Every structure is written in C-alpha cells, then in structure tokens.
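Handing you a structure now.
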Amino acid sequence: MNAARSRLCHYGPDAIALRGRDLVGELIGKVGFTALLYHHVTGRRASAATVAVLDAVLVTLMEHGLTPSAIAARMTLHGAPDSVQGAIAAGLLGIGDRFVGTMEGCARLLDRIVAAPAKQRAALARAIAAEHRRARRPVPGFGHNLHKPDDPRTPRLLALAGKAGVGRAHVAALRLLGRAVDAAAGRHVTINATGASAALLRGIGLEAEIMRGVAVVARAAGLLAHVAEERASPIAGDVWTAVERQFGTEAP
Amino acid sequence: MNAARSRLCHYGPDAIALRGRDLVGELIGKVGFTALLYHHVTGRRASAATVAVLDAVLVTLMEHGLTPSAIAARMTLHGAPDSVQGAIAAGLLGIGDRFVGTMEGCARLLDRIVAAPAKQRAALARAIAAEHRRARRPVPGFGHNLHKPDDPRTPRLLALAGKAGVGRAHVAALRLLGRAVDAAAGRHVTINATGASAALLRGIGLEAEIMRGVAVVARAAGLLAHVAEERASPIAGDVWTAVERQFGTEAP
Amino acid sequence: MNAARSRLCHYGPDAIALRGRDLVGELIGKVGFTALLYHHVTGRRASAATVAVLDAVLVTLMEHGLTPSAIAARMTLHGAPDSVQGAIAAGLLGIGDRFVGTMEGCARLLDRIVAAPAKQRAALARAIAAEHRRARRPVPGFGHNLHKPDDPRTPRLLALAGKAGVGRAHVAALRLLGRAVDAAAGRHVTINATGASAALLRGIGLEAEIMRGVAVVARAAGLLAHVAEERASPIAGDVWTAVERQFGTEAP
Amino acid sequence: MNAARSRLCHYGPDAIALRGRDLVGELIGKVGFTALLYHHVTGRRASAATVAVLDAVLVTLMEHGLTPSAIAARMTLHGAPDSVQGAIAAGLLGIGDRFVGTMEGCARLLDRIVAAPAKQRAALARAIAAEHRRARRPVPGFGHNLHKPDDPRTPRLLALAGKAGVGRAHVAALRLLGRAVDAAAGRHVTINATGASAALLRGIGLEAEIMRGVAVVARAAGLLAHVAEERASPIAGDVWTAVERQFGTEAP
C-alpha cells in the first residue's frame, strides 16, 4: 500500500514539529494561538492582517447567550458532571446547517460573484437575489430575527477587514449582493454576522467547506465559559424543571 | 422560582455584551481570541503576561500527530463527510482522564504544596512522591513514554512563565515535586508537558476542574487541521483497511 | 405562548406512561424493546410481523467489525476510559451520509416508484437508473465493495419481509429498481443491505428522514460490545502506534 | 507486533459472522435484538429468562420525558437538522455519573454483599448504610426526588426477576440493603429503578463497568422518538426562547 500520509506533525523523542516548524524553538512563546491555528489549518503563514481578521471572527462567534448549544452543554454537564469534554462536545454538535451553514452558503455565493468578470457581478448578484426570492429561500448571510434592521457586528467586521486590507473582493461582492437583496425585497435586509464572517474568512483564504470549523473553535471557548459558570452557579436543574413544566405532557 | 441566571452574555437588537463589555465597541478588533477566552471563562481581564502564558499552553496542546483523537475525528468524517462539527466533537470526546486528566491531577498536587507553609513544602512533595510510589501509580504530570529522559516542551514553558512573571509559586512547587519524584524513583523522571501546563494554568488562576477545557479548545483547532487535510488528502479509508487487517478477526 | 408540547411521556409520583401506556402495568415484562421502540417512535402499535422485520434490520445493522465507528469508539475510550457514553457517542457520530445515508436515499427512490401508477413503475425505475448512470453516481442501496457479486444479507431480509407479509410494495419497487440498475450497468450490481433495509423499514412505515436513527440504535449495541471487548482485551494503544507509523509523517 | 485482535466479527465476501454465528443463517430472523445484544456484549448465549430481564431493563430506561438528555438532543437537532446521529449522540453524552452512575455504584455494593459469607451479609449491608449516612452521601440506587415514597418501577422489576428465576442473590442483597438503609435513615427510602436495574443486570452477569452502556442503548431509542417528534412538531425554538428569557442575563 502506498497510502497518503498526514503531513501535519512530526515528532521524535527530542522534538515536535508542526508543518515543519519546531514547536519548542519556533512556536511556543513566539506564535499566538490564532496565528498557529491559521497556519496549521491552511499550511500558510499568517500575516498580521490575517491574524487580526481571524481574531475578529473568532471573537464574534464565541458567545451569544443561552443558545441551543449552550443549553445542550449545560444539560450534558448536569448528567455527566466530570465530563467537561462531553459537555462541550454536545454543545458543538449543534453547530450545523441552520446557523453556521449559512456562513458556508454565503461564502459560495460570494465566490461565484468574485469569479465573474467585473462587469457582470452586479447582474449576477441580482440574479442570485431574485432566484432565492422566487424559491422563497432566505439568501444565506442575510436577515436576522433579533438584530434588525441591522446586525451591529457587520459594519465593525467589514470596517476591520478594510483597515487590514484583507478580503477586498469578497467584501465588495457582499455589498453588491446586499444591494441586490434589498432591491429584490423592496426593503432593507441586514447583512448578518455570518455573512460578514463568510466574506472575511474567504478573504483570508479559508474554504467554505471547513468554515464551520472556525465557529467550532470559537464556540468551544464560549462553551467552556458556560461549563465554568454552570459548575459555579448551576442553572441546569432549574432549566430541566421549567422545560418539563412548560413543554412536557400535561397530567391527563 | 428565583433561579440563578447566566451572567455571561447580554444582547438586544442593537448590541451584544460579553460579561458587560460591548462586543462591537470594546472587543472585536481590540481584544484577541486568547485574551477574550480568559476573560470570558474567569471573569477577569487578561494581562499581557496572562495572554502570553495561555497562548503558550494552547499552542503546546494543539497538535501531537495521529493521536487517538485525530484518528477518531478522521474516522467520523469518513462516515459523515458533511458533519465537520461531528468529526471534531468525536475527536474531543477522547480528551479525558488518561491524558489531560493528568493535568488536573497535577494541578491539585501543586495546590496542596502551595497551600502548605513554606518550610513544609519539600517534605510534602516527598510524601506525595512516596505515596504514589508505594501505590505504584505514576505522579500526574510526570513521565512520558516517548519524550524521555526529558520532555522538550517543559523547560520552554517554565522559562516562559518565569519571563512573564506568572505562576511563580506553582512552578516552584512543580520543581520541588520533580526533585522528590526523582529521589523516590532513584532516577530522573521527566516533567511532562501536562505537568508544566498545569503549573502555568494554575499560575494564571484557572481551576483544575475546568483545565481540560483549555485542552479541548486547543485540540479543536488541531482537529480542524486534521479535518481539512483529510478532505484534501484522505487517509481514513486506508486506515480502516489497515486496522481491520491487522486487528480484526482472522479468517477461520 | 401557546407552544407545542411533547406527547411522548407523562409521569407523576406513582406512574410513568409512554404514549399513554402505563410503563409498569402495560409495558415492563409485557412488551419487548423492539416493539416498544417502534411504538414510541411512530405512535403505532407494532404487530408481530412489524417486530420481526424491525428486529431483523436491527440485527443486520448491529455489527460489521472494525468499522470507522468501532475504531472511533475504541480510540475515544482509550483517552477517556470512564466515559462509556462518550466512546459510544463518538462511534455513533460517523453514522452519516456515506453509509446509512444511502438507506435514506434508497427509501426516497422506492417511495417515488411506489407512488407512481403501477404501469409506469418499471419505466420510472429505468429512468432513475439511467439518470444516476449519466451523473456517474451510484444508485443508493446498490453496490458493495466487499460483498459482491451479491450481498448475502439481502435475500434473507427480503425473504423475511415476504414471509411476514410486510412491505410488499417497497420490496417490489426495490426488485424493479434492481433489474433497471443491472440493465443500465450491463452487469449485475448487488442490492446491498442498506437497500434491503430501506425497503423493509419503509414497509413498516418508518420515514426516510429518521431511518438512520434505527442504525444508531442498532450500532449503539454493537459499539457497546466493542467497548466491553476493549476494556477486557485492549487494542487501541496498538492501533494508535500502527496508524502513526503507517500514516504519520515520516522522520525528515 | 503480536497484538490482540478483536474477536467480535468476521466477514468475507459471502458471509458475516458475529462471535462465530453466521449472521444470515443463524441470526437474522432467528434471534431478536435484545438476545443478540446480550450475546454480542458478553459472549454468552441469552436464555429466555435473560432476554426477559434485559428487555425489562431496556424498556424501563428508554424514556422519562423531557430529561436533560432529551433537551440536549432537541437543541442539537435545532441547529443541525440533518444530523440525526449528532442529536442522539448529544443526548447520550449526558448519560453519566449523576443518573446512571448510580446503577454502577449500586451494582458494586451488591457485589460486595453477595461476595460475603451468608451470615455476614446483613451486617455488611448495615455497615454500608451507616458509612454512607456518616458521609452524608446517598446510597446509590436509593431515593428519588419524584417517585416517593416508592418508585413504581422497582417492585415490577424485582417481581419479574423472581418469576424469571434470575438474579436471586443480587435481588436478595438489594432487599437486605434496603432494610439497612431504612433503619439507618429512620424512615423508608425507596429503592429506585436504577437500583433495581443494577440487581437485574448483575443477575444476568453484566459487569458494573459497562452497565451504563445498556442505558445508552435504551435511551438511544427514546431519543430517536424525541428526534422524530421534534421534526414533526418542533418545540426547540420555543424552549430556546423560554430558557433565554428565564435564565439569561436580564437587560441592564
């Protein structure tokens, strides 16, 4: 068998290397977590601008209150108090199509627009908006049931990318698409944080297919905070009681 | 019901706040992922020294090759190729007692030594070493079947803590314990990376109980790299074949 | 809020009822696990024929050696030896699109054929086979890289359904589709066990969308056997070594 | 390397065998799921009495309303609607020490009593009860915050074991322990369903260490019903809203 091999890590008794860089001599104390994450996943060194953009997305996605993920993590910790990894993993399993899937869907639309000749991009954006409207499907990366008319995170993320000089083409495509979506809807539809994140992450060269992994890492940190708070000041037992009372079968 | 509430996040249509800090105005683009992780989990602002130490531990724990976690993640991706979150979660579930549990066990021993009056610490370290030896149990944080006689990561991590001026008491306790372990064994036993990480994480005030959560976040990033590589250059199918052939039931 | 409520279970201090049946008086000792599983998931009582068919599918799907799922479970147990639930959950996470997804895809094709007027079914089956062939996609439920030219489980499952008088329409559709697939390929392509299972499970009225849940239950039992064997006679450490050596980065 | 091998399954192109029994010729259609589960996990054929007892425990543990596990599964499905396996796995991760851990703890106490000479068993039971009372720890398998003064499932399970002629020694030990717990408490404390299940599962020879795996299989079926109901009649979105409102940070 002449199988492929993993090229991520090499180690021996005296040394460990990540993608060829010596962990002890070149990485620990010299490269931050965000920069190493980028390098390790993509195989490319992270510039300061890339780190700034990725940090901004990680910070944006870390936490959003008692989300389904946070509830799942706390419920799991309640039953298995010693399994911190199980609680966090349970919360991560919900990082799926409904929320972060829109990041990937948006990234693919932006790629289509960016790949088109410059003169045809606006028309393509309009076609995409119209096509979603006809199918009564939301355009991924657009709309938010809480943050409206505008998602406050979006302008901040886009400004930051501009300042870092990163993702110009994808951010421009996102703005084009935004105008097309507004026109098709006949009203303003917010570009949400996953839409902005999609533009930024594509801007630093992350593929749509693994984008939700960035959300997984960010949210793992947020869920750890929920685990720590749940241990110190538990709510899971009361949540259980409340959910059973409000959503369980009533006594016959 | 006058139940406890989560105090991690507040949000409304126009703003999101993490532990009272405005996400858009104070965090995105201003605070890095590592610093926010620390603040969010502990409720305390991270100094530059704290960020340096936490970054070093995260970088250290991110990756170690085709570990059981990486194998589990790749196997899971093979069966469920669209579920990046499922693959990473499967890998994280193995971050349990055998490996990172030693970080927590070591942290607890260091806490005992630090809590003792200064004059009694060496004696306590000797008692701990002797007690483990009698019970034929390894002292958590000591020994490594590959990295011997010394784990190359340990001196780097301890030096970095020294330079940052963090965790003096716990690092001193670890060194005391190291001398006691060597004396009890009659030979040098390495302080491994989980031992050094335990000293550093206690040094920045993280509780033993949630320490494995730091490993979970770090390893989530490493597993994302395995997922990305597995998608680009798959090995899971060949691993399956090899494992079945070498470890499956032989034909009767 | 006038929200929906779960109607699966009602309990009070003296009694527990599942879908209105008293657990103590009507279920324990009177209804077997397979029959209750069916009733609980579908809300319909299971006839003896239904139990026979569901039991056959559960038995078929329980185990298939050192599959990716079994490897993931054993790797996870190696790192977290006390977390039996974590090991089984890790293994279950790989029960996704690649393998059991074909069961769902096949079920949907069979539904299309069954829904067509009787005279048009053969033509529809041929159209489906041709459409997949043009797109170079395998027809879900057909082909097997090991069990060829024929999957030994398939005739047994189909015979059993025939004897039980269950799923006549879906089994007939599967046979029609099989003939069409053979004709389109110009050679015999096996109907695999997931194809046969799809016909049987649709035959007892389970929806395609939750079919993989049946595989999850069956495989949970198989993975428990792997967990038990791994505890008694561990192979995970040796698997790790072998995989790292054969698939890890070679020394530079 | 002369490593151990898995002995659970052997397969070739024409046949699959589980622990040496031909899947097609000996198992499908001839052995039920519960009987095969037992045989596969333990390596021993299941008698009719064993199947009756194991079925009773599986039926007992399948469902208990909107438990933390069911809530976690529904939350996960809400975020990842296509990942039925992820939702069930998330729910299973909470089957840990707090609830089913008591089954294992109880099994170990019963083993100690059964292992003692007959004349000393009552005294040992009293010593165990007293020791837990002194440490203010509940005796595993005893007490229930809802089902009191008595858990209705317990007498049914114990009667069924008696009728099946299974687990006589462990059931007797459980009754002895029950009398000792009542005497130590000065009031009646119920033997709960996990206590009774522990006696029955030890009675059919399952080890304490893997007992929670039986709960995992049973609960996987229950969670599949929650997944099916959630798809047909969703509550997760409303649960999220209710939990955020009642347990989230209030507006400042």
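Note that the chains take the letters A, B, C and D in the order they are written out, and that residue 1 is the start of every chain.
Quick note on the criterion: a contact is a pair of C-beta atoms (placed from the backbone, for glycine too) under 8 Å apart; a residue touches a chain by one contact, two chains touch by 3 or more.
Keep in mind that this is a model prediction, so the values were computed, not measured.
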Please work out which of A-D and C-D is bridged by more C-beta pairs in contact, and write that pair.
-> C-D
Which chain's mean C-alpha position is the greatest distance from subunit D's?
-> A
Starting from the mean Cα coordinates of subunit C and subunit D, work out the distance between those two points in Å.
-> 23
Note: subunit D sits from subunit A at a C-alpha centroid distance in Å of 37
Per-residue overlap in subunit C, given as positions that touch at least 2 other chains | 3-10, 12, 65-66, 80, 82-83, 85-86, 89-90, 93-96, 235, 238, 242, 246-249
Using the touch definition up top, name the residues of subunit B that touch subunit D in the complex.
-> 3-10, 12, 80, 82-83, 85-86, 89, 93, 246-252
Which subunit C residues qualify as touching subunit D in the complex?
-> 1, 3-16, 18, 23-24, 27-29, 31-34, 36-37, 40-42, 52, 55-56, 58-60, 62-66, 70, 83-86, 88-90, 92-96, 146-148, 152-153, 156-157, 160, 207, 209-210, 212-214, 216-218, 220-222, 224-229, 231, 233-235, 238, 241-242
Hey, which residues of subunit B end up touching subunit C in the complex?
-> 65-69, 71-72, 75-83, 86-87, 89-90, 93-99, 235-236, 238-240, 242-244, 246-249
